[in-house]
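Heads up, there are several structures right after this.
Paired with chain B in one complex and with chain C in the other, chain A is shared by the two complexes that follow.
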Partner chain A sequence: MKSRAIAIGIFWAALLAVLAWRAPGFFEFANLRDIAVTNAPALIVAMGMTVVIIAGQIDVSVGSQFAVASVLAGTLAKAGVPLPLTALLTAFAGMLFGCLNGALVTALGVPSIVATLAAMAFWRELLRWYTQGAWVQGLPAGFQWMGLGQAQGEFAILTATVLLFAALVRAMRNLQAGRAVYAIGSQRESARLAGIPVNGISFGVFMLLGALTGLAALLDSVRFSEVQSSAGAGLELKAISAVVIGGTSITGGKGNLWGTLLGASVLAVIAPALTFLGINAFWEKAIQGGIILGAIVLERVTSQRRSK
Partner chain B sequence: MNLLEARGIEKRYGGVRALKHVSFDLRAGEVHAIVGENGAGKSTLIRILTGAVQADAGTVTLDGQTLLHNSPHRSRQLGIAAIYQQPAIFPDLTVAENIALVNEPGGLLRRIDWQARRATAKELLDAIGADIEPERIAGTLSMPEQQIVEIAKALGGNVRVLILDEPTASLTERETKKLFGIIARLRERGAGIVYISHRLEELSRIADRITVLRDGETIDTRQAAEVDVRTLIRLMAGRDLSAVFPKREVPIGEPVLRVNGLHCAEAGIRNITFEVRAGEILGFAGLVGAGRTQLAETLFGLTPPESGTISIAGQAIEIRKPEDAIRAGIAYVPEDRRRHGIVGELPVRANSTLAILNRIASGPLLQMAAERTLAESWVAKLGVKTDGIDAPANSLSGGNQQKVAIARWIATEPRVLILDEPTQGIDVGAKAECHRIMCDLAEAGLAIVMISSELAEILGMSDRVAVMRGGEITGISGRSEATAESILGMALPA
Partner chain C sequence: MRLVENRAGSERALIGLILLEIAIFAVTGPNFFSAANAFEVVRLGVELGLLALALTPVIVTGGIDLSVGSMMGLCAVVFGYLWRDLHFPIAVAAACTLLAGLAGGALNAIVITRFGGAPLIVTLGTYSLFRGIAEGLTRGVDNFSQFPASFLYLGQGYLGGILPAQAPVFLLFGAFYWLLLHRSIYGRAIRAIGFAAEGARWAGIPVNRRLALVYTLSGFTAAVASLIYVAHLGQARSDAGTGYELLAITAVVLGGTEIMGGRGSIWGTLLGLSAIVVLQNGLRVSAFPAELAGILTSAILVATIAIGKLQWRAAPVSEGIEEDEMKNSQLAVLSAVILAGSLIVAGSNWWLVQSVRPGSMPTGAAPATATKRYTLAVMPKAKGDPYFVSCRAGAEEAAKQLGADLIWDGPTDLDPAKQNEVVEAWITRGVEAISVAVVNAPGLSTVLRKARAKGIKVLTWDADAEPDARDYFVNQATPEGIGETLADEANRIMGGEGDFAIITGALTAANQNEWIKFIKARIVAKYPRLNLITIRPSDDDRNRAFSEAQTLMKVYPKMKLIMAISAPAVPGAAEAVKQSGRKDVKVTGLSLPNMCKPYVKAGIAESVVLWNTGNLGYLVVQASEMAAEGTLKPGVTSIEAGRLGRIGIDGSQVVLGKPLVFTRANIDQYDF
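Right after this comes the complex of A and B.
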């Protein structure tokens, strides 16, 4: 797992070195800030996803949750609900989506991939039916950049992301619940026998991811003057990729948020890097896939060598 | 000439030398038993003979021909068949399909003659006098029936070497007799039988020669008629029994755990009544499937009882889930260490505190310094050999993993400690240490319930012995009265 993160780190450094050489303009503050702000919401979702995956579960419905939450945020704002309350309600809605997944998985024992696949289709289609594909337009002036203006708004988004990240890192390391997440992801039965409320924790991780997704949707929506009903398409793959690239074991029990930060950072720079290097953006997905595959192959090779 | 011969076999798993220059031979028409403690290398040797794993060095010859590039498929074609303790059947296929799968010629596009397939299965089952319908789904058969299907499967391949790994572990006396009959018939046909068993007392009935393995080495091969059970145990342990079972008599106190008329249909246990006193080790003997683990799980709240009472130190308690049991002062170190005992990916530190997280936390936050101090003290106290408390638990050897699992539970400061097969699959040295720890704990006033399938351990460590059969306690006897014979008498079905 460490080796995977190291391999990715090396790749990332190499990519940045090429950029420094061929397109130093990439490192201009404005560009870096843009990349960070654009990708902050996805990082927040990936943070929640890390916790879910460490707990031995997965949630592929985050893209749909994100879309519903985005439209909800826009609709509330348009109806004149003050922004702090909109933020709260959006996060709360996300939490409810997470609770639904959690309930399906823990109370009914549906495998998380199946439960969240169903949720993914359900929320997306519900939204399509409700919006008929229309965007939420005519948002009040106080919505975009949270009424702070672009510079302050961007600063607020980044600050919120950093604070959430720091809080979650601390929680995973120092909270009893954080320890429990690792334990149930690594060896569910052992954890249960040690008196850890396995179902409660599993439920909780979905709830947490939902809330973070709701919040991320809000932070993403405020960047624009209208909300697209197709927001968050492909977000689940992006989040899961960031987690896996960051060295978190897809079968649970191992991993950390720093890895996910690295993974998200790598994914975030690929597309702009291609633009700066003058390569067709068409290659982005292929390169993403290549990185994931490369990271895992490298990890397997090194871990096999170690066990010999 | 020997039918099968293994010379100088070496095998390493990671840093562990599982087999050290092991040699073994088998004559046609002979039953050759292999005995040894868990972890002595028996299963590794079998896996090499059947080609399931490759030896690092050494040769295996069949009829003087060296077996190169052995694989399970190839060894079967040559007539080497193995039957493992856990029948390797395909539970969703029928009996006939199970038998055909290994015996019919290969070819993915070969057309199946269903009628011939059923007929062959019937013939093979009849040949060993088994009354099993070939059309039955194998998963619906009982364990002994599945084992019989395995034997039929082996016979179909025109077996020359049959390897039986603990075949009688779950068989009744009657089924065992039947199995011995089948074995006798096979040896008359000139097949060689490799027989592995923990039931040392049955070896004199069935084996011609006995080879003892210990810590991956061949210790000795003797005529079965010339060795008694005591000698075998001594050879297997490699030291005097008193060194492996350092039992200390400690003052026995008041009753701590009292169980009265416990029933649980889900767990399959009935009318369980017993008590354990402070300082006492109560051994639970019985065959696999007698309900001992199920009893432990009921006491620990995994399968809550339907009726009956449990009391701790005179106080009646209700146990519906593990948290209740932990709160009441019951600790349970389960049998399957890797799946239920330790949490492999977490460090030793986190493993040792997993059951007492709320005690090392102040408010919601875990106190890392407190955790480290605590973990260090357990590692020192129990003599856990590890690269440090931050090493992942699965990097430790089995014996040390077990110590970590025990540490986790002693950390809860229990009044009753239930140990399920506490020394299964760990080497003799670690075993002796685990036994020493048990004695220390008993001396400190814990009431210990020890479930073990190893008679020597039951006899060596228990103050009293309870024997279970079919979900019931069939007898409880004191240390001085309990003998291997009396325990087996109560454990085997009448």
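Right after this comes the complex of A and C.
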């Protein structure tokens, strides 16, 4: 699966080269910073998704979890809950959503795609029903940028993302639990026979993804002074795309977070790159789909050449 | 052997579930239990059902096809393009569309079998690709309508006066897929692949060719579904079939097909499909909130699968007496789920009664008037859209004053097909007046004419249908008026010259595209020194609008104004300008004053244009009450609309007035 990441890396380098040639303004610090801050929450979700997919599971409910957590964060802040506690409660709520998915998958044996498909519709519609589409407005002044001011707030979001990424990379590589995730993803039954608590780990990856999604929702919400109730629409596809573009095997057992970082970067760059290059927005989805298909084809071609 | 028994058990449980749904809705939904409604349910289920049929063998092989919904969008556009622009005869265009479906399915098949891509990833790629090509071909804007009546008959006609014309097509496909999966050597191969592809290969099954067959068939069937969808709605657009893939997968899995492959049946899929479609229709006819459909479907899905899995584990090796118990417990739990659901419904009704008074539920607090109590149904374009939420407050106020029962329901997101389904349900239910904010005029007009033929007064609001399909149009402001006001504002803010960009909603949104047309026309005619540099989509997402505005400011440093014409896009763009610290870029657009207040006050958003949405909702309900009681009829030149006073009638249009321009000076006077 490494070859998919290589194929994508080649594509990405080509895109950046074209940008450097046609629109050097793209590489200005302010632009790169804005793209990074905007996409940091999606990257955090994709990180959790990577772990879930490596474990041989999938979670398509993250977009809905993200929306509920966003509205919750706004509602708590509006009710006067101090921000650190709001952050904690939001991450905790996300963790609970993750636990629900985990329980459906491990205790009841519902396949993860079915369980999370149901959770996706359930949370989204419940939220629509509850908010009736209304936004959370009139938030306290200290909500935006966590009261830090714009520059520090942006810095804090990026720092948090980098720290989470580093911690997760290390955990997946060096911790017993991280190795166990790869083990159950590559062969569940063997992992069980080797003494790994398969159900516990499976439950854990959903819990982790939920907590990361809650945290991402908070980091995303604090960039604004109002919370929109339709947040996170399509986030699940974005996160899954980032993971698989990054070379992680959808059937589990193989992949890493660096690939996801690459995948998320490619997806983050496409929309602004099109504007910079003056290409019409109508082709955006087609280009995204083309990249995924192209990566699969290229992967096959490169891996065949190597085996010869 | 146990395998077969178990499946039969879960199918019986599904039948029980469907019967239970029918029993509940027969009580809560007027006219739900009638032959006409049964045929309507069939019609609504056909497109989804075709996709579910196609997905059954795909899932049985252990694969998945996420691209079927997007395939419908692509096929609709290809069909419309061939027929209208290349002047193909309709039958040839349809045949070519089917070929396009085959080709799309074959693309999936090739990448999956030749290049070894996992089906989930490959079809995730074509999910974006097909929809993207459809949007690219039409530039998001173009749509095709005015198809000949002989073609529309396929989606709207009745065989022998009662049977929906698309039903035989569906039966044909159902029979075909049943034969394929259960009575042919291919079906055995498909199941063998689902259990273990490698084992199947060693057993001499041509795995790749069989896989190619099911994916190609899936593309073909999606093309057929697309043609029926186009005939049903009378319009071909690139957004056809959005989100259908997930609902189709839900139907298949609910029907007992194992998502990991190996097990599954067409019969089960049909049952799963029926359970979903009956639930959707029943909720609508009962005037329960549309959000419940998703909530209940997901609860039932998880309950069914979980019960199946638990039994699988708990079931003893020997069977016999236990088997009966299994069925019973299954039924019992499913009943409990549904009952819990209906309890939620009942509770929510009680909760909503204070403001809405849904349907003909008798409420103790009904005002003691001698006049007839009318049921007035009002539909927004999308229920969750903040703009329509703000209209609702006025509608409820008017209903309360008039002592009328208001049903406020509609799609939870923009989906032209859903509006038809809701109107059908209201016709079945029997209401005095229907008022619709129309998403898709050619498609909805057929259904509205049907409602008029049944003696229901039909009004349109926010956006009109074809004039002969409705009695009155409550006109808040014409697209022309909006376009001109926005162009005038742009000219005022920019001081007569300079560059500006537009951030729209979805690229396919008909309303916005109409406004853009008039904005452009006005600029060409009156303000030649204004220059529209680009149009970017926001998909009605505040955050997306924010990023787009950020990028625009960097790419076009001389840009003086961002015009955002979707309600969430104005605060998104304004926040981007605020964070950039730029004082030379201003924002204007169409949005709700409450959403934009901080930005208007800070001077970032120079102005926001909109009509009084509360008054619009109020006027719609007032006018539909008058139409229902017969005081609003041809020849009337003005009406007395409650607190709005005298409102003029222009032909068949009830005119609300000009759009409001909210600025720093007046925005505090408005609260919506």
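Following the convention adopted for this analysis, the second predicted complex is superposed on the first by the 301 of 308 C-alpha atoms of A that agree within 3 Å, B and C clash if a C-alpha of one lies under 4 Å from a C-alpha of the other, contacts with A are read in each partner's own complex, and residues count from 1 in each chain.
What we mean here is this: a residue touches a chain if its C-beta (ideal position, glycine included) is under 8 Å from a C-beta of that chain, and two chains touch if they have at least 3 such contacts.
Treat the numbers as computed from the prediction; the structure is a model and nothing was measured.
Contacts of A:L126 after superposition on the shared chain: chain C is touched, whereas chain B is not. Of the two partner chains placed by superposition, A:L163 touches none, neither chain B nor chain C. Applying the stated contact rule after C-alpha superposition, one finds that A:G253 touches chain B and leaves chain C untouched. In the superposed pair of complexes, A:W283 makes contact with chain C only, with no contact to chain B.
Legend: residue contacts after superposition of the two complexes on their common chain; A:L96 is shown touching neither chain B nor chain C. Taken together, the two complexes place residues 249 of chain A in contact with chain B and also with chain C.
The part of chain A that touches chain C in the complex is made up of residues 23, 25, 28, 30-31, 34-35, 38, 58, 104, 108-111, 113-115, 117-122, 124-126, 128-129, 131-135, 137, 150, 220, 223-226, 228-231, 233-234, 237, 240-241, 244, 249-251, 271-272, 275-276, 278, 280-293, 296-297, 299-300. On chain A, the positions that touch chain B within their shared complex are 173-177, 179-180, 182-183, 186-187, 189-197, 249, 253-254, 307. The part of chain B that touches chain A in the complex is made up of residues 14, 300, 302, 322-323, 326, 332, 334, 338-346, 350, 354-355, 357-358, 361, 364-366, 368, 408. Residues 64, 111, 114-118, 120-122, 124-133, 135-136, 139-140, 246, 249-250, 253, 259-260, 289, 291-295, 297-299, 301-302, 305-306, 309-310, 312-313, 348, 383-386, 388-389, 392, 412, 507, 534-537, 539-543, 546-548, 550-552, 554-555, 568, 571, 575, 579, 594-595, 598 of chain C are the ones that touch chain A when the two sit in their complex.
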